[in-house]
Amino acid sequence: MQLQQSTCPEVEAYLERSRGILVPVGSTEQHGPMGVIGTDAICAEVVARGIGEIAAALVAPTIHVGMSEHHMQFAGSMTLRPSTLIAVVHDYILSLAAHGFERFFFVNAHAGNIPSLRAAFYEAYGELRMTRGAEAPPVRCKIVNWSEPDAVKELRSELFGSADGSHASATEVALTQFADPANIKDAALDPPVAPGEPGRFYDSRDFRTRHADGRIASNPALATPEAGQRLFERAVDELARQYADFLAEA
Amino acid sequence: MQLQQSTCPEVEAYLERSRGILVPVGSTEQHGPMGVIGTDAICAEVVARGIGEIAAALVAPTIHVGMSEHHMQFAGSMTLRPSTLIAVVHDYILSLAAHGFERFFFVNAHAGNIPSLRAAFYEAYGELRMTRGAEAPPVRCKIVNWSEPDAVKELRSELFGSADGSHASATEVALTQFADPANIKDAALDPPVAPGEPGRFYDSRDFRTRHADGRIASNPALATPEAGQRLFERAVDELARQYADFLAEA
Amino acid sequence: MQLQQSTCPEVEAYLERSRGILVPVGSTEQHGPMGVIGTDAICAEVVARGIGEIAAALVAPTIHVGMSEHHMQFAGSMTLRPSTLIAVVHDYILSLAAHGFERFFFVNAHAGNIPSLRAAFYEAYGELRMTRGAEAPPVRCKIVNWSEPDAVKELRSELFGSADGSHASATEVALTQFADPANIKDAALDPPVAPGEPGRFYDSRDFRTRHADGRIASNPALATPEAGQRLFERAVDELARQYADFLAEA
Amino acid sequence: MQLQQSTCPEVEAYLERSRGILVPVGSTEQHGPMGVIGTDAICAEVVARGIGEIAAALVAPTIHVGMSEHHMQFAGSMTLRPSTLIAVVHDYILSLAAHGFERFFFVNAHAGNIPSLRAAFYEAYGELRMTRGAEAPPVRCKIVNWSEPDAVKELRSELFGSADGSHASATEVALTQFADPANIKDAALDPPVAPGEPGRFYDSRDFRTRHADGRIASNPALATPEAGQRLFERAVDELARQYADFLAEA
Amino acid sequence: MQLQQSTCPEVEAYLERSRGILVPVGSTEQHGPMGVIGTDAICAEVVARGIGEIAAALVAPTIHVGMSEHHMQFAGSMTLRPSTLIAVVHDYILSLAAHGFERFFFVNAHAGNIPSLRAAFYEAYGELRMTRGAEAPPVRCKIVNWSEPDAVKELRSELFGSADGSHASATEVALTQFADPANIKDAALDPPVAPGEPGRFYDSRDFRTRHADGRIASNPALATPEAGQRLFERAVDELARQYADFLAEA
Amino acid sequence: MQLQQSTCPEVEAYLERSRGILVPVGSTEQHGPMGVIGTDAICAEVVARGIGEIAAALVAPTIHVGMSEHHMQFAGSMTLRPSTLIAVVHDYILSLAAHGFERFFFVNAHAGNIPSLRAAFYEAYGELRMTRGAEAPPVRCKIVNWSEPDAVKELRSELFGSADGSHASATEVALTQFADPANIKDAALDPPVAPGEPGRFYDSRDFRTRHADGRIASNPALATPEAGQRLFERAVDELARQYADFLAEA
């Protein structure tokens, strides 16, 4: 159930039975020689919609461009400044809270977004406190990273072992291939496992120096749509459970 | 050619032959009883991708949420503050300009976005002047509104006459129906032509007072996917021509 | 009736009978070889004061510097960034709304200001909604461009035909000459009709490339104070009518 | 010599001989029962223009609305937030510095503006350092308060003694009367010397509690246009000297 | 070596041999009935200074107030909005980078600061890229949380077991007691182990509902200055090693 | 009584008897060859704590880094942009006002901070008015500069005469020496009385040109810890009296 494909009266009816909404957050940045630039946005969107199907939950429009300053030495990468991404997420929350949405489940696909998302939650909480005081709605925001639940990590390990990597991973490339065959590129482009130590980089020049073709320790040539489908099903299943728990939380 | 579905090396190759990019800009707001909330985002995206096909041009990720403050009394409507939308568009432009993109063709579907888009262009031009001086890249930004070219207006008139209306128009609803059958809702929901005078509203309460069911002078019950397809073809054809002119401009 | 020349008790008395106010918005930018840099500010101010006379309406202090980034390659041009102009207009509205003003009629003389003005209106509406909710005052903002009403356009055409042009127009130069003889410069400075296509420019370097002496398709040498007076009377007469309609609007 | 009444070529010629400019900064706020709301803007403007005459210096457009939050409980008072005023002054400086202006002499008439002006100077210096480094132009900004030079204070004391006061002072009211007879209101409105201790107030409610009719320790009923003229001549004479010194400073 | 206690020539000499600096980041927020409000600031400062001793490294002034919106229902808690904290950290980095500092080691004591710190790093990297391009200095920023290294965790577990807790922990209270006896309060104030599930809270009202006395699962009554000393030594020893590695990184 | 060293229940008890708080504001900037970089922060902190002792008043955490753009050509100087410092002070005020603090006594040690402090006060007052209207708490903010009361000036003159100077003054260096012997540096570093005219500087390059070793007209070699102690006692005594008056003000 996409918000974009619902009518206003349908949303009114939905709010009678639920205060929750799923928000996919991706990014638009290089994913090595064979991964597509929209990998994170595609992954976040397809997983969020999958959860929405199971949970009969509304899915807000995808935030396609995230905080990817560190990828800016690679053509096609886009970034929002952290302050911009914070403003966007703040406006998402306050817009939807005005209609009665209270539980925001952000389905994220890009680690670089997490600081801005968390900062935005507290900007929103603080502003609601300042402007509404004791009458502020009890808004709750939560981030899940689609490929990080234990159940998904186990499958990633089973499928790709240590060749999965941490950027332009076989896992995320597989999911994009499952999402749309147009995302399948020639695997010969990616030589086996790119070098580089996970999580070690600073600014965009430093990133490119350490990770010359953009990947971090990954071999996305191992990706297949079939693996993508298994990852999708595992993630959606697990995260739908987490979403239900989130809604049920006292 | 979606940027999201291209790899970094593909973008490098593209930049060898073109400096142009299409940016779809929509909104997420009520479109009356039977129009879907994502109508503008869906229209902008499908038209921009259509132009991209004809023009072999890259299409940036869609800006799904626009400036829709005036729709905020209707459930499900989202808005970016103008300042947020300006920051987003500014970051789109400066990110892509860093890689060599110079001609930005914004395919817009929501009049409420236009001020923020134009303001963003001048924020970007000014910042490039201040930080780069004479070495600033010659960035050029242009907005087209997909349903406004004369050729499209003629077809709108032929298809729906004065019942097309100006918000939740039969035209835009038809295009969403062509884009995806999931957007086809029960036409019985919309009584014939909603009252209201085009363009006359101020804040969100004023909008709702004047236009009680969200539509402005429209009868979207007339929309059909077939009409949507004709509108799509007409718009894409005309705008691809305008895009070519834009690239060719001295 | 200028706000600047009224006392606080006089404003209190005014608010007993009217909730409306006129706000002149100009700019400070090159107007070709013989047009003065303050042309737009002078025009907006003199017209707004003229309307104020007829309508017995208060006139707020003129916003002298507007958004003129595109004129910055010409000496003496000033610009507010769009974000600054938005903040200024926002503060005008919220300051005056605190005293009970509700209908803001912006008398504008520079197309480059329109996006920032419109963006500011929605920043203000949105902030009032967020901080005051249902108790927000019913603020309404409207822009008129002094030389754009049909009645004024007809006279422009009659006076100058196609030599009027679109920047540093004979019309606006004539009005400055009527406003103050100090604004009359040697017409020999301006060769007949400057070349250039209206509305076609991007950043400030592009503007100067296309419009080498700053004018766009205009021949301000045709301007006279007498023409300025006729234009003034026509504009003031028409806009006072529009202002009355605006106040009377349900 | 007003910038507003100069052409672009005239400014180019001016810059051949001078790098200095005068910027009047006023405010729009209550000035007691008989002082006009624009008192500070009127004073700053008339004095700056007077200096400009003597010094053959350009005068930038007046900043009419200043930081007057503390006057907001009185009808008609307007205020820019400090952050807005800082942005405006920053943009004035950077716009004019782009053309070669280097010495900015702010002729101020409202103490409440001083913090924002000084903050803006350092925002501008800092930004020039960050974006231009060693190539930044040597911009210098200075504030003078028109009624504060010793020579002016002596005359104020001679004319009004302790009844001059510190807000809605006889001095400033006299200057507005000299500037334009329209600013002369019925002196009977102001009872003799308003009570209140200079400089003692916090927020706008506190101001109104302490200074019920808006004045602080002043008796503007003593003002006359003739006194205004003497004050004008004294101030302009002294400040033109200070401006010359400022330009001559190594 | 505190920057605050060094002279300018001493800093010049330091920069001849090192490009690194330590930045303590704390917060000012409730720490339950017996923990002091400055716990995090005190911990960050004492640990950073300890590292500075071992590593002969400069220590920048402590950021005392962090992002503690979630503690705002408890008297005495202070918070910077995330956007403010981002601006502060950005200014720290860019100020010091202007003198040649390149490696910033943030010694943090409050999890709530991490998003704003990381966001600030990328604001700074992005701004350096935009304003300086290829000539931007190779700034690197890293966060360590003083109580999180494995070596410290082991000692925490040994000292307090599961009663350590996650907010107002025995560990941090012990360190403040070691830092200054004035921080030792009556342990009888804290009943044994406060209830609550770590990491589970949203806005400030939610926090107070879940964690009524402010603590999360902690029993700070177990804290002693002696334990604090052991924790200090362990943390400083380990983090000095990590700092050396950071400086040595290629 | 430091807020940092108080518990939440202690603050609750304090608020039963007082609504006042002291806020030390310093800076981190060069103080000539022998003055330490933290001079202003150290002075503000030690004086505020001294007042706090006498007045039994809470002392908020010190703002260590101020607005010192003009010192940025000297190694080790740090600055917050004015806009950042305004945001910090705004957040201090609004955080503490949320708990019931109403009288904020800023103990300042750096003239460069004053504009940002005053601007912040009016940002805070204005925001409280906008968001809370008539229910806004009656917040009052006041700045004192520790070395400026007449009683302190007399002692300064007695101790150092005209060699005290205006930056890196003997007075402030003496106070840092009293505060901590670690701040005593070799007086031989500072040649007798540095040249330079007080208060005459613009941007950071201009400052360095005029004041080559950073001092302004001072001879800090005259400073002694004993002089520092006398200055401390004089300042604290006088300012405690001013603080009591501030609390007692109607």
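Observations
We call the chains A, B, C, D, E and F, going by the order they appear; numbering starts again at 1 in every chain.
In this section, a contact is a pair of C-beta atoms (placed from the backbone, for glycine too) under 8 Å apart; a residue touches a chain by one contact, two chains touch by 3 or more.
Just so it is clear, the structure is predicted and the values come from calculations on it, not from any experiment.
Any chain touching chain A that also touches chain E appears here: B, F.
Looking at B-D and B-C, the interface holding more C-beta pairs in contact is that of B-C. In the Cα superposition of chain A onto chain C, the rotation angle, rounded to steps of 5, is 120 degrees.
In this entry, E-F is the pair from E-F, A-E or D-F that repeats the interface of C-D, since more than half of their contact pairs coincide by residue number.
Chain centres here are Cα means. That of chain B falls 53 Å from that of chain F. Inter-chain centre distance (chain C to chain F, centres taken as mean C-alpha positions): 46 Å. Within chain F, residues 72, 79, 81, 83, 98, 129, 131 each touch two or more of the remaining chains. Inter-chain contacts occur between A-B, A-C, A-E, A-F, B-C, B-D, B-E, C-D, C-F, D-E, D-F, E-F. Contact residues of chain A toward chain E in the complex are 67, 69-70, 72, 79, 81-83, 86, 112, 114-123, 125-126, 128-129, 136, 138-141, 202-206.
Put simply, chain C touches chain D in their complex at residues 2-12, 15, 28, 30-38, 41-42, 60-62, 64-65, 72, 74-81, 83-84, 87-88, 90-92, 95-96, 98-100, 180, 182-183, 185, 189, 214. Those residues of chain A that touch chain F in the shared complex are 129-131.
Residue ranges of chain A in contact with chain C, taken from their complex: 94, 98, 127, 131.
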